[in-house]
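Shared between the two complexes below is chain A, which has chain B as its partner in the first and chain C in the second.
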Partner chain A sequence: MKGLATIYRRELAGLFVAPLAWILLSISYAMTGWLFVTILKDTGGDIIASVRFSSGESLPYWAFMIFLPPLLTMRMISEESRNGLLEFLLTSPVSDGAVVLGKFLAAWTFMALFWSSNLIYAAALHGLGAPPDWPPVLGGFLGAVLVSGLFCSIGMLSSSLTSTPILAAFGAFIGNVLVLLLPHLAGLFDATWLHEEVESVDVMSHFHRTFLVGLLDTKVLVFFSAWTGFFLFMASRAVEAKRWR
Partner chain B sequence: MISASHLSRRFGPLVAIDDLSFEIEAGEVVGFLGPNGAGKTTTLRILAGFLPASAGSASVAGYDVLRQSMEVRKHIGYLAETVPLYREHRIEEMLDFQGRLHGLSRKERKLRIPKVLDRVGVLDRRRQLVGHLSRGLRQRVGLATALLPDPEVLILDEPTSGLDPLQRIEVRRLIQDLAGQHTVIVSSHILPEIEAVCPRVLILSKGRLAADGSQEELVRTLGGASHVRLEVAGHAAISGPGIEGVSARLRELPGVSEVEEHSLDDGYTAFEVSCEVDLRREVGELSNHEGWTVRELSWRKATLEELFARIALELDSEPVETGA
Partner chain C sequence: MALGAQVKAPSARIVRLRILITVCLNLVIALVLTGGLVWLAGRPGLRHRVDLTINQENTLDENARAIIDQLPGPVEIDVFFRPFGPPLEAIGAQIQGRMFEILILAEEYAPDKIKLTNHPYAPPGAGGAELMAEMQRLGISESNLFVVSYGDRRVAMKLLGEVAEIDLGNPTRRQGAYRPPSLVSFTGLQSLVKGLLRVTQGEKPLILFTSGQGERAIFESEDRDLGKLHTALVADGFRVEKWDPSEDGAIPEECAGLAIIGPEEPFSVEATGWIAEYVRGGGSIIAAPGLRLTGGQGSVTDILSRLGIIVQPGIICQPVINAAGMPVFESPKCAEVILRSDGMRTTHPITEPLRRGDRRVRLIFSHGLERGTPPREGILLDILRTTEYTWEEFPNEDGSFGWRWDQGREREGPFTVAMTSTFPPTVMGPVIPGTNSLQRECRVLALGTPEAFVNALFDVNRDFLINSFNWASEREFRVSVSPRKLDDRRIAVGQDRTLFYLNLIAIWGLPLLCLGLGGLAAWRRRR
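== the complex of A and B ==
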């Protein structure tokens, strides 16, 4: 896809030029470290429990998961649509898909870096002679990256639907909450078929049943890839639709 | 090089351009002139492959703008009115990004970036952040960005908008320099900009092509306002025929199409003798012969400005082509 790498590089550089990226990364490393040490103390040195808590079983973890992708993606298309940069990109010899995918990959890379703190702390423990249970650690990281990817793609779609960044962030945030709360919302209705259908798209259960126990299930990988791809496709169509409005 | 055939574009109920057709040859510098909302930007956006037309077709460099949009984009340099640039980039980084988007190799970028920056006069500022540049400098960087891929066609939407007079002159000079090397389309609602740089003018009004031709041809064909102005001492001083009589004598001169008279406050009467060629000598001889006391005898050639104002205000003229 021509121009994809160029757009990816620019967007990633654009993220790191702003101090926000560095502040968020610092917060991530500080939070994960604090959670890890706190649980380690509380459990009397249970490394596995500490790693699990800091990578998927704590409220701050999911708060970051829900809030960060919208903040990262909110300006990527909406603001550029408003200030004319999208017009600049879309009159360059690159496809709409390359524009959307390049920007998405930059946000996704940032999220991967954001969640990498767990890997670093686990590696530090390993180096200090207390090796953690690596499959759940790696699974937790992979799961975090995949869920972030899904949420970033929702953010890209939201950003492509409005030219107001804050509205894009709000839309993406609502989307993320709905994705996570889908099973609870389905539980409000007394319909078995609905519960079964919703269970198949339950992000949280996929995450807990596979990644956090160190399992790599291709079905789950396909699940996340398919939904991420779907939202990116929709975002790409929404960008194309801007030409017709 | 550029061809538009029956182009129309609607935005809901609003018709932005309506049945627009024109041809532009390679190497031409053409001005799109029209009041705000005439459809200039919409037309340029269609040619740049950003907007699809609701009806009709257009091609640039031999490629259809809708079906072969990617090819079209490889052959154009487009500068939108808003001069979209990444504020956080340094000037040379912005150009490097543009070079990469157009698939220029590292060697080509290294060679071309200083060249275009020098051409627009910002080479010494290449390390400056775009966000810190004045409007004029941003415009120049925008031009450099459009020029970098060495496009066959340059599409510049209001390139002098928001610039001070000195900066306008600089940008005009730059566009004049580009003539011959590129096919250039410049849009503006400011007539002197177009007059200064574009030998050929397309005047748009309410989304329709109101006139198309070289400035001279348009003025000659549509002008009608060229006239000899004669100011003669007032009513009492005109012996014999009176004001109506003077008008009648003037109308008898060969080449005169119309004579209008206006009484001036200071007792003089002004006659505007419409004619396509300068008839000052003939009018002067007639005045001498008739013994009129003449205060002023001058030739006023119709200007593009008058033509533009007429089209913009009357909005009733049929499309005119002068065969350019």
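== the complex of A and C ==
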């Protein structure tokens, strides 16, 4: 895809040259670090419980997961659309897909950097003479990155549908919450087929049954990749639609 | 008329409709492609799972997988777990979590064979009535169990008692210091396997325990009786009965295994003939000589020697290790031998799962076993061997034991204390109901002591004994072992400066580094 690397570099620079991203990272790291150490103390030094807690078995983890991607992606397309910068971009010799994908990759890289804190905690434990079971730790990191990718792609779609960043963030947040709460919402209806269908797209159970317990399942890898691709495709279609207006 | 005037431009409405159709088509095609891709990825041939944990915690035991593969059709498992009341909340949640993980593993291993349905608590008015109706349909009135169903056959496996045993501890401090409830044993995988087999297997193989020659009582609960073994065998799907040759006559054809546990007197000539005839037809025997090693025709030593296994007269002993780690002799406790995994045969169906599970076998007053001449085409295998730090104790001239190695007249280990002998039958026997094989094989397992089977040692030797009876009755596919203990990794947070360093890195180091980089970015932007 022509221009993909350029757009990716530009977006990444836009994120990390501004102090906001660093402040966001700093606050998030402080919170996850405090939670990690607290759980480690409360469980009498149980490494597996602490790593699991910070890798997906806790409410704060999912709170970060649904809040951060919308904040990162809200301005990526919507603000450029509002400022008229998107028109310049779309008239340049790059495809819509490259525009969406480049911006998505930048947001995804930020999220990967954010979740790498778990690897740093595990490395710290290793350095202190209590090595964790590394493969599940790496699996948990991979899972976190894949789930973040899904939520970033939802954020990209939301950002491409509106010219107001706050609205984009709100839409993405609602989308993320809906994706997570889908099984609970389906539980309100007394239809077995609905429960079974929703179970097959349940993000949390896919994550909990595989990455969190140290299992790598190609079905789950494809599940997250395919749905991320779906939302990115829809986002690129939405960007293309802006050409018609 | 000009040609261009005939071509009418589409109206704005039609253009919008076309765009709408295009968008909808795009959406549908993308949805179908995504759903199809995920569906394809879940197909058995295309799906691959890699267990990353060091203890392979997410992988079902090989034998359990074999049993699931052999299930004749889809089995339904309904789960009814509820929070336990005080003081069992934490331990109950742990048991439920571990059991549920095993059930999920089984379902994910063979979704076409196992269908798992969780029935969480629902208050009346919010699905509670439906839940009660479902419980009534399954014939249960309590919770914290799972029901395994295959057609009309159904069995309920309770969490407390069948899946796990707990020690209540002393949570109320009424009897001294506080001690929280703790898990004594967890046999979730065995419970699942038992449930699956109970509902899918119609026939129960018959195990006969000889009686009338001073054997241990199979229905009694005294320490030296075999009541616990009897209960466990019944729970494992066997029919267990006594066989008294003087009353019952010849061994019935349907007998899948004959247990001769510690007879103090020899069998009659007639009974010995029936046993020999049973073995010639492909019968299986589990035998252990009595503590008073009787010889002569019809004794266990005589029966085993004909099958290639020679029972040695001495008692196998090892020094007792005291609290200071020093060996102690001259105590009857020297006659207690503990076999660890390195003393178990690696490739035998009885001991291989025990080795993997790092189980132990405890024997008291065991005789050593040696290889004799097996029947034609027979194979002898040592399956339990002691370490070299054992000796064969012989009584002194006055009949007493010194419990100290006399280098002059007593041999040094290692010794074989359990041996199998297998050979083809000389007469084609009948097909035994509930077993795994059409063409039977004669299988003999000899143990050096009857004490391995008794109630007092049953909990330690349980897996070895159950595996032995399953092997002898040619139901190896049932031989299983508890799942491995979950990985427990801890760091001493109260010691040294561990916590200080963790705080430094996790709470202060990383966030401050990011703040610093943010400041640097701001400073560079201003310049």
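Quick note on the criterion: the second predicted complex is superposed on the first by the 245 of 245 C-alpha atoms of A that agree within 3 Å, B and C clash if a C-alpha of one lies under 4 Å from a C-alpha of the other, contacts with A are read in each partner's own complex, and residues count from 1 in each chain.
To be clear about the criterion, a residue touches a chain if its C-beta (ideal position, glycine included) is under 8 Å from a C-beta of that chain, and two chains touch if they have at least 3 such contacts.
Note that this is a predicted model, so its numbers are computed, not measured.
When both complexes are superposed on chain A, chain B and chain C fit side by side without a clash. In the superposition on chain A, contact is made by A:Pro93 with chain B only, not with chain C.
Of the two partner chains placed around the shared chain by superposition, chain B is the only one that A:Lys2 touches, whereas chain C remains out of contact. Note on chain A: of its two partners chain C and chain B, the one contacting more of its residues is C.
With both structures placed on the common chain, the touch criterion links A:Phe67 to neither chain B nor chain C. Of the two partner chains placed around the shared chain by superposition, neither chain B nor chain C is touched by A:Phe170. Within the superposed three-chain model, A:Leu25 lies in touch with chain C and out of touch with chain B [touch as defined at top].
When the two structures are aligned on the shared chain, A:Val17 is found in touch with chain B and with chain C. One geometric descriptor of the composite model is the angle centred on chain A: between the Cα centres of chain B and chain C it reads 160 degrees, in steps of 10. By the touch criterion stated above, A:Gly84 is placed in contact with chain B alone, chain C being left untouched.
Looking at the shared chain after the overlay, A:Arg243 reaches chain B, while chain C stays out of its contact range. In the superposition on chain A, A:Ala130 makes contact with chain C only, while chain B stays out of contact range. Superposing the two structures on chain A brings chain B to within 6 Å of chain C, judged by their nearest Cα atoms.
Residues common to the contacts of chain A with chain B and with chain C across the two structures: 17-18, 244. Of all the residues in chain A, the ones that touch chain C in their complex are 16-23, 25-27, 29-30, 32-34, 36-37, 40-41, 44-48, 117, 120-121, 124-125, 128-133, 135-136, 138-139, 190, 200, 209, 213-219, 221-223, 226-227, 229-230, 233-234, 237, 241, 244. Within the complex formed with chain B, the chain A residues making contact are 2-3, 6-7, 10, 14, 17-18, 83-85, 87-95, 243-245. Residues 11, 45, 48-52, 70, 73-74, 76, 78, 80-86, 88, 97-98, 100-103 of chain B are the ones that touch chain A when the two sit in their complex. Listed in rising order, the residues of chain C touching chain A in the complex are 19, 23, 26-27, 30-31, 33-34, 37-38, 40-42, 46-54, 57-58, 101, 104, 108, 127, 487-494, 498-499, 501-503, 505-507, 510-512, 514-515, 517-519, 521-522, 524-525.
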